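Right after this note come the structures.
Both of the next two complexes hold subunit A, though its partner changes from subunit B to subunit C.
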Partner chain A sequence: MPEMPAWLLREERYQPLRDQDRFLDRSILAFLALLARGGALGGAPAGLRPEAPVKVLAALVTLLLVALSRSPVFVAVAGTGLLALTALQEGRVIAAVLKAAGLSGLFTLLVMLPAAIWGRAPAALMITVKVCLSTACVRLVAASTGPAALAEACKRLGAPDLFILVFDLALKYIILLGEFALTMLHALKLRSVGRNPGKTGSLGGIAGTLFLTSKEMAEEMYDGMVCRGFTGEYRVTGRAGLGLPDAALGVAVGLLAAAFLLLRRG
Partner chain B sequence: MHIPDNYLSPATCAVLGAAMVPVWSVAMRKVKAELTRTRVPLLGISAAFAFLIMLFNVPAPGGTTAHAVGGTLIAALLGPWAACIAVSVALLVQALLFGDGGIMAFGANCFNMAFVIPFAGYFVYRFLKDRFQGERAGLICLGLGAYLGINLAALCAAIEFGIQPAIAKDLAGLPLYCPYPLALAIPGMMLPHLLVAGFVEAGFTVSAFAFIRRVSPGSVHQGARTRIPALYGLLGALVCLCPLGLLASGTAWGEWGAGEIRTALGNGRSLAFVPAGMTRGAALKALWPDYAVLGLPAWAGYLWSALAGAACLVIVFKLLGLLRRAGTRA
Partner chain C sequence: MIQLSGVSCSYGEGDVLAGIDLRIGRGDSVALIGPNGCGKSTLLKLLNGLVPARAGRYAFDGEAITLERLRQAPFAKRFHQRIGFLFQNSDAQLFCPVVYEEIAFGPRQMGLPEAEVARRVEGCLELLGIGGLRGRVPYHLSGGEKRKVALASVLALNPEVLVLDEPMNGLDPRMKQSLREIMVALNAAGKTVLCSTHDFKYVEGVFRTAVVLGDDHRVARVGAYPQIVNDEAFLRARNII
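Right, the complex of A and B next:
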């Protein structure tokens, strides 16, 4: 009976060398966060809600008024209105809005800290609150509107078809390509046992492969468009019927504009 | 570099948004003419690619990480006009759905990241590549283009931030938007970009581009030779930026006139006398002293002076080129 070779009997004490792979972990986390948010791009929540074009227009007017205002009282009024609108949403939307507003507020607070220390605290605080409100307003529209409704809003607001096609495809393929990139990042992490000095170069390879895959996907997409008889022209079926929620939102924005005019001297 | 809402005044946002309208319009026209119908979906999927590129974290010095922007990479792969649309749509998706960058500041963000980065990066790359042959030289040119592109965009963002305290303040003189003047905004934005982010962007762009060229050389955009008018465009843009100098108060250090040096401050003390050489020295009567042209407002005088100075230099260099060519032929 042949003897076992000595090297096979030796106890394995492999200690992988320390390696810098924080950038890989952070990239993976960024893609995971994107895919976790993919649900927000998946479809519009059901229920009686304002039409997407009305929501987009209302958000634009609110953003403009908040940016133009110099009155802390008006900013407080706008904040209260936004809070009331957020309270009418479902829990998932409320969480998304509060998280986005909180993070942007925290970041702005850090940026404005030196200004506050140099005696410009009121201005720094006002800017921070305004950034919070603006982010909450945009997130509220995004979290309560599906991608198809956003494309419809773009069409109704007069955006060119090529732009809508690009926007629509981008939304859909962000998730598909994101999943593909995440798989490659995981593969790179698993392959890099111990020290892998070529890891940073491989990141360029992943980006390159992502581009080549996106080209293949684009060709397949075109074939699919030909098969379905889609020429890239968007048609809105039916007229936008403005209902009670649209009117209510319109009145709310009108009241906000009136408050802006009343309080503009701040 | 994603500017949120309320950091810039609505007027600044409106100006930059208005500046982007003709760019988008020309980009749409160019892309429609350049891309065949089969390649239109590529534009949409490239916007998704542009979005995802910004999620990649790249190692930076000190064990930290920085994220890539990829504007020059996309311009080198698809051409600058297609890159402009792809990055604009990626920025819109980020602003609208992910709260990254403002809606009002969308025009400003597009100006910095969808216009300045792809165009500056691409034209620097093409301009150098046409003059230096070889694969390695091409990659170095691309890296330089990416480095300059992102730094130029950072400079634009810094100027946008820095002019806010001068153009938008309340009755008490307090800033309504970004409170940091140019003297703070420019170093604050430029130092991290010049020292870290620029190199990160250049490294990432070169490594992704080298991979694609090795694996699928046909996928890379084949641009035409750069024409000199692109440089004239850059010169024109710099001329337009000249009136920014008016925002700075006081005289540049060491450039005091005889009337100013008495009160000039150094280390918290004023000189309190005028050196004799300055009072009795030769005085040259300039054609346009302090760039002021008779009867014109200060900003117009600055523009006029910049235009005349740039034109004189271009004429001198063209004449020198003519002499050199004549010498070579002889």
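Right, the complex of A and C next:
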């Protein structure tokens, strides 16, 4: 065993210098929020909850109709329907949907501001509302459906297995990677005991390690799946039993499609 | 040096630590023992200021460690310099492009002159027997080498307290033996060593005190390390062996 270096035997008389490192705390908080958000936040009360494939299909149709429509009345109808559906959810889901829609709407409004100033206010407003609705629609499905149910819905809707595999791995590993990233940020914070002029370099190092780790983790997980008989084909066990909520959502989307056709001339 | 009085901690559902009372003196060597999921890692994180206590008081060298205090950057930085933490997963602790930079990261932050930084890096490399790794990329090292580089990066800050979370996990017997010698030497040099472990075979002679956490997330027993690890009936009853 080599001798202890003399500096390691001395008491450290160190007074830290001031530095701006709130970015690190903010990054840690952002990752904590991401981890806390993992998976579904909740949903409508039991009995009012449609099956995941029906939800995904309804969302896709709504997104398509909203994107294609040029009628402000139709967009208002779609918005009203979406608001009504959101109102049936738990408080956390409602908050998540409104927050996502609000932020995306605000951002789009800023981007559209020059168009509005140059006399295209109706078009700018229409695009902003459409972005709001689309974001709310996607967030509503994501916040009220678990990752496994989403993967199953993709399979039932005939999505290619490769797409489902990538989607499934991404959803599963976003939480694990988030935890890993959080640990790395903690490590950086514990050793950030002074002034660090190369903050972006340290964060770049973390991002690089995270990338390599995510690749290894995904490969290991895929190998694990293969070892347990996975052949690249996703199978869905059991049949989706469609109930009253599914029928109700189907009717609502049907009415929306009818409204689209009736109001298509704007 | 470290005093916990009635500390509880939770991650939402139930307590991960419940009413922990613990006192660790300067220069002590303490093993933290307990079954999986009893809260060992959380306790170590709490001691490093990474997770807050829900209730109770944590004092480090007489000063209360609270969220408010840790929000004051100069205090937090000095605190983190005084207490070094070796993570269970060394992969997550290494973020610099080469080993030399990894070890130099802390001393450079402290504003030490580059000559002193180099002295510290070389001292750590020599102490841990990893001089040959100075130009290597940390990500591509073996598990044992990564553990040693992570330890070197912590030691370069010259902390008074060294907290190690399951440092023997995943190491081969030779590496475990080497890490054991390093822990003994660091404690003999005056460092306070606190280490969670259930690898009793390879930590013989390292610890004077053992703290046992139970399944109920409370301190089940505190006593002399040899007495506790030789009390087979107690360890079996506590699901530790």
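Structural remarks
Simple rule for what comes next: the second predicted complex is superposed on the first by the 201 of 266 C-alpha atoms of A that agree within 3 Å, B and C clash if a C-alpha of one lies under 4 Å from a C-alpha of the other, contacts with A are read in each partner's own complex, and residues count from 1 in each chain.
Quick note on the criterion: a contact is a pair of C-beta atoms (placed from the backbone, for glycine too) under 8 Å apart; a residue touches a chain by one contact, two chains touch by 3 or more.
Computed from a predicted model, the values in this text were never measured in an experiment.
Applying the stated contact rule after C-alpha superposition, one finds that A:196 touches subunit C and leaves subunit B untouched.
Set against each other, subunit B and subunit C differ in how many residues of subunit A they touch, and the higher count belongs to B. In the superposed model, A:134 lies in contact with subunit B only, and not with subunit C. Once chain A of one complex is fitted onto chain A of the other, the partner contacts of A:258 are absent, as it touches neither subunit B nor subunit C. Judged by the touch definition given at the top, the superposed model places A:212 against both subunit B and subunit C. With both structures placed on the common chain, the touch criterion links A:168 to subunit B but leaves subunit C unconnected. Residue overlap on subunit A between the subunit B contacts of one complex and the subunit C contacts of the other covers 205-206, 208-209, 212. Chain contact summary for the complex, subunit B toward subunit A: residues 4-7, 9-10, 13, 28, 31-32, 37-49, 51-53, 55-59, 63, 65, 67-68, 70, 73, 77, 85-86, 89-90, 92-93, 95-99, 102-104, 170, 174-180, 203-204, 206-212, 215-216, 219. Subunit A makes touch with subunit B in their complex at residues 20, 22-24, 26-27, 30-31, 34, 37, 40-41, 59-60, 63-64, 66-68, 70, 100, 104, 108, 112, 114-115, 120, 122-124, 126-127, 130-131, 134-135, 138-139, 141-142, 150, 160, 162-163, 165-174, 176-178, 181, 200-201, 203-212, 214-215, 217-219, 221-222, 225, 232. Put simply, subunit A touches subunit C in their complex at residues 1-2, 4-5, 7-12, 14-19, 21, 180, 183-184, 186-196, 202, 205-206, 208-209, 212-213. Residue ranges of subunit C in contact with subunit A, taken from their complex: 48, 50, 73-74, 77-78, 80-82, 84-85, 87, 89, 91-97, 105-106, 108-111, 116, 119-120, 123-124, 126-127, 129, 139, 153-155, 157-160, 181-182, 185-186, 189-190.
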